[in-house]
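Read through the structures below before going on.
Here come two complexes built around subunit A, the first alongside subunit B, the second alongside subunit C.
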Partner chain A sequence: MQMSVSPAKLRDGIGAPKEVPPTVLEKIQSFADERRSFWIVVSLTLLFASWEMAGRIPISFAFPTFLETLSAFGEMVADGSMHKAYLITLQPLVMGVLVSALVGIGLGVAMGLSDKAEWLLAPVFIVLQAAPMAALVPLVTFVYGIGLTAKTLAVIMLALPVIVLNSYKAVRHVNPSLVDMCRSFQGSRVQQIFKIIIPDASPVLFAGLRLGIAAGFIGVMLAELLITPTGIGDLITYHRSVANYAHMYAAVASIIAVSTLTLAGLQYVETHLLRPEKRRK
Partner chain B sequence: MANSALARSGSVKAASSNDAVVQVRDVCKNYGDIEALRGINLEFERGNLTTLLGPSGCGKTTLLKIIAGLVPATSGEIRVNGRAVTAPGPERAFVFQDFALMPWATVLRNIGFGLELKGVTAAERDRTARRYIEQVGLAGFEQKYPHELSGGMRQRVGIARAFAVNADVLLLDEPFSAVDEQNRRKFQEDLLRLVELEKKTFIFVTHSIEEAVYVSDRIVLLSPRPGRVSQIIDPMIDRTASPDDIRRDAVYLDVVEEIWQGLRQYAE
Partner chain C sequence: MNILARKIRASASAVAICFAVAVSGQAWADPMRVAFGDIATVESLHLLAAFERAREKGVDVQVTFLKSEDIAAQAVVSGQADIGVGAPYALLQKVKAPIRIFMQLSKLQFYPVVNTEFYKNWKDLDGQEIAVHSRGSGTEAIMQLMAEKNGISYSSISYVPGAEVRTGALLQGNVKATIVDSSGKRVLEDKAPGKFAFLPMGDVSATDEALFANTDYLSANAKDVEILVEAILTTWREVAADPKSVTALKEKYKLLPDATPEMVADIEPYFAESAPNMPLNGGGGAAAKDDLEFYTVSGALEGDAKDLKVEDFWDLSALNNVLSRIGTK
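Showing the complex of A and B:
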């Protein structure tokens, strides 16, 4: 989360956090000093407030205010269209991301461990990462039609290269002294990989996963907008076509929120399972 | 010189002595065209602390890593307890200059890691680890992570980890170079206490002459490019005296001076 709030604007956010009674300024000050959540709330409040203002000016007749968007979101949750859309969108997304994560980390770690694997695979993924994938999505449609396969492939095409290349880099940057340490205590190659290399590489592995999952979200939206409108892509396309801009923005904002929450969840998993020392920093 | 009697000549006896735990025979090491070590012959006696001392680039760390089995020698062989070795083994344990602690593991797990790799049960290795935590003075820090410790404390973890696997030979690669001067002195005193307590063979690499003379039973001086044994010195210092008295002792100061005279030709 970003915390780029200038001190001068701090007053705007005073009313926002519920935990703080808005009476005593000092109390807020001390809370703001030690709590990160305060700044997250301030940051979001500023974002939504400026959105609201921009909508009220309005900057465009097609730009709804934040509150209109929020109520449209409530409406779509109430009538069930939001749930149905996510059920469809999540299928290619989850499958594509899972395949990319498993295959990507596997290939990347193999490339990090073996020069031969690197020489064989690195050029392919470097080309794939450089390629503008949106241009390739229509080609996938020619081969696999407009079904789930094509959409899953679109997700994989975007997510896989970045996960592979980051995993590879992660393994190559493992502290050689730790590997020597493991060898000096007669650790086997398997112990070396699972007890030293993967934990030491995990911060960069997870950075790659975060980028890969973000790319997977791009992939699924491209697929749903370019191949055939389904799920969230359908909601966006439909509400745009009937000029329900608040509903269209609600669909767009919801997919951004889901993506953000997924990445935050991943970070939580990383710090709690693999790198417990990061919690104490 | 008055103290010439202290120094033995550099020629090395044949491998007849039964007391030699580690024997280095005709070891050479080349990195491509660069000759790092040439014809090293050394014996390390059981229960002694031997220091490899020399200017940077003399290959002392390379030699230590060859003895550890972490770096292969280009030619020659290393014998430990009479058997030729080419890989790390349970009779040797290594202490790293940069500590080599796993940042994601607690002090307790780091110290027990050598045992963990050997498949020792958790209860057993925790018991051993706690004993050595006590010995190196880290009691109370069992559940801390390395980044929460000072440099000196981190190296205590590295030393405790090496002790915990109960190896005959401890190989220490400039273990105190990343520790500040005050802690370094305390460390040297603690090391002497541990040498006394553990009855193990220590091979110690340093570039500090004072440190070498203070802690060693024997000092091997290496000359640089390519690394060769230039001199072997037995300081013969009375270690029953207090640390401060040792540092003021005439013999101590003479040996330091003698080594400096031997090494100054390599200093720019």
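Showing the complex of A and C:
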């Protein structure tokens, strides 16, 4: 015999309370379900609290607490040194990332579409991606000196291979039945590329772009720490040399935050403007 | 059963070994771990020779060469090295680590230099661009101090790390006024005699390199530290009396075996030039006071030089003991 009792009936049964007020845990649960940012806030709070604790123990004489770092950050924003540093750091970063994105997606798509381009270029970029770039950055100075060119080149060296290889893989892994469909509808090669291949490859293209920008941040920091200290690299080096560790950590943390926000921003643009179907319901 | 017994035996012996290692670390003399914030060049030959001499007297000196002075200082703060080489005044003031300097090794030896096509003296540099090593460095402090003394101000200061890089930039004409070290000075005098003028400095005296250590280490290993201090002072006095003796020391202790002929050729001129400026009494209180003044100007130290106390930065006991034994010069 099948016993099926609806939950509503059980609740209305004798002895059961009519309206159970939600417990605190349930309230938090429903709040967390409604707002995704809840978990981000919790995770950051945990991170900063453990940072504060580690700074207070202290795990090292040279390790500042979170609050000290925060106030050092405020101080550097107030006296304008942070803005100035970012103006300098962003120049090679933006130029390098733009060049890498344009050239990288172009080359990657070309490699995906043409076997000749693949044979010619793929090995170069596979080697470049595997190479430990931190060891190669100082070599750039031998050819290009210590100016903006050398720093932009360092960004490109890190960002370009990632973007190229991801774009190439993206095009190679386009769904073949979509391409077949295009052909059976008598689509031209140009239509095939722009209406089928690139739209279908775009998720991986964007993933490559995000990885490339992250690599670009690594590149610009390597350049500013290994070539000549400018911008954020100068803030880090200078405050380390005069033992202002809170300021040094603030500069490091700020570049991490800027990098994270940039990537999150790119993802937002991607999901909201370019590919609305990917948006989480 | 057998397996269990074996496991217990293995763990017991592991514990015993760990315990023995830990205890031996406490009981017997540890090696003296020295963190050097630079690669070894001919300019540190006399120090390397002094380490060898301390080793002969039974102090197991182990030198590690690190990338920069900051890292050497961090190694001492974190206890991974016992003695560091450098002048970590900012660290001593801002990080409440129990670190003290216990002897001076060398004084800053830099030469402000200008291209005579453009400038002749300090006054000409008013409103002009100069190049120094890095922000907050000794070279910047010297240039600022001299600007103050001459009543001028620079339009901008660019940072070009490495005296040899600045020397090259001067020769190429990319930089018109900068500050170089003694080997840079020799290169300039060699390659373009008369083209560059070295500007007078007056008496700027500050520590370039000093030895520093944790106070606990200094009190627990007073004897070893004194042997090291004595070895350094006697070597320094020898070299100051006869700069050529460094070559003999290099041969005797087989120091820097990979040195190229050019580097070897540089030994005697370098020491001949630096000998008069070598601190033969390990600096001490007087040097400390000069440093506090200098590094306050440079920005490494905060506050007024008069309010800073020597004992917050220096531990003079080992140096004074050795000096009372071997006398001052």
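As a convention for this text, the second predicted complex is superposed on the first by the 252 of 281 C-alpha atoms of A that agree within 3 Å, B and C clash if a C-alpha of one lies under 4 Å from a C-alpha of the other, contacts with A are read in each partner's own complex, and residues count from 1 in each chain.
We adopt the following convention: a residue touches a chain if its C-beta (ideal position, glycine included) is under 8 Å from a C-beta of that chain, and two chains touch if they have at least 3 such contacts.
This structure is a prediction, so every number in the text was calculated from the model and none was measured.
Student: Mind working out whether A:181 is in touch with subunit B, subunit C, both or neither, as first, second, both or neither?
Tutor: First partner only.
Student: Tell me which partner A:228 touches in the superposition: subunit B (first), subunit C (second), both or neither.
Tutor: After superposition on chain A, A:228 lies in contact with subunit C alone.
Student: Please indicate which partner A:61 is in contact with in the superposed arrangement: first for subunit B, second for subunit C, both, or neither.
Tutor: second
Student: Check whether subunit B or subunit C contacts more residues of subunit A in the superposed model.
Tutor: Per-residue touch count on subunit A favours B.
Student: A:241 contacts which: subunit B (first), subunit C (second), both, neither?
Tutor: A:241 contacts subunit C only, not subunit B.
Student: Report the residues of subunit A in contact with subunit C in the complex, numbered from low to high.
Tutor: 60-62, 146, 228-229, 234, 237-238, 240-245
Student: Using the touch definition from the top, list the residues of subunit B that touch subunit A in their complex.
Tutor: 65, 68-70, 88-90, 92-94, 96, 98, 100, 102-104, 113-114, 116-118, 145-148, 165
Student: For the complex, give me every residue of subunit C touching subunit A.
Tutor: For subunit C paired with subunit A, touching residues are 70, 74, 77-78, 88, 90-91, 93-97, 134-137, 159-161, 299-300.
Student: Could you please specify the touching residues of subunit A with respect to subunit B in the complex?
Tutor: Listed in rising order, the residues are 175, 177-178, 180-188, 191, 195-196, 199-200, 202, 274-277, 280-281.
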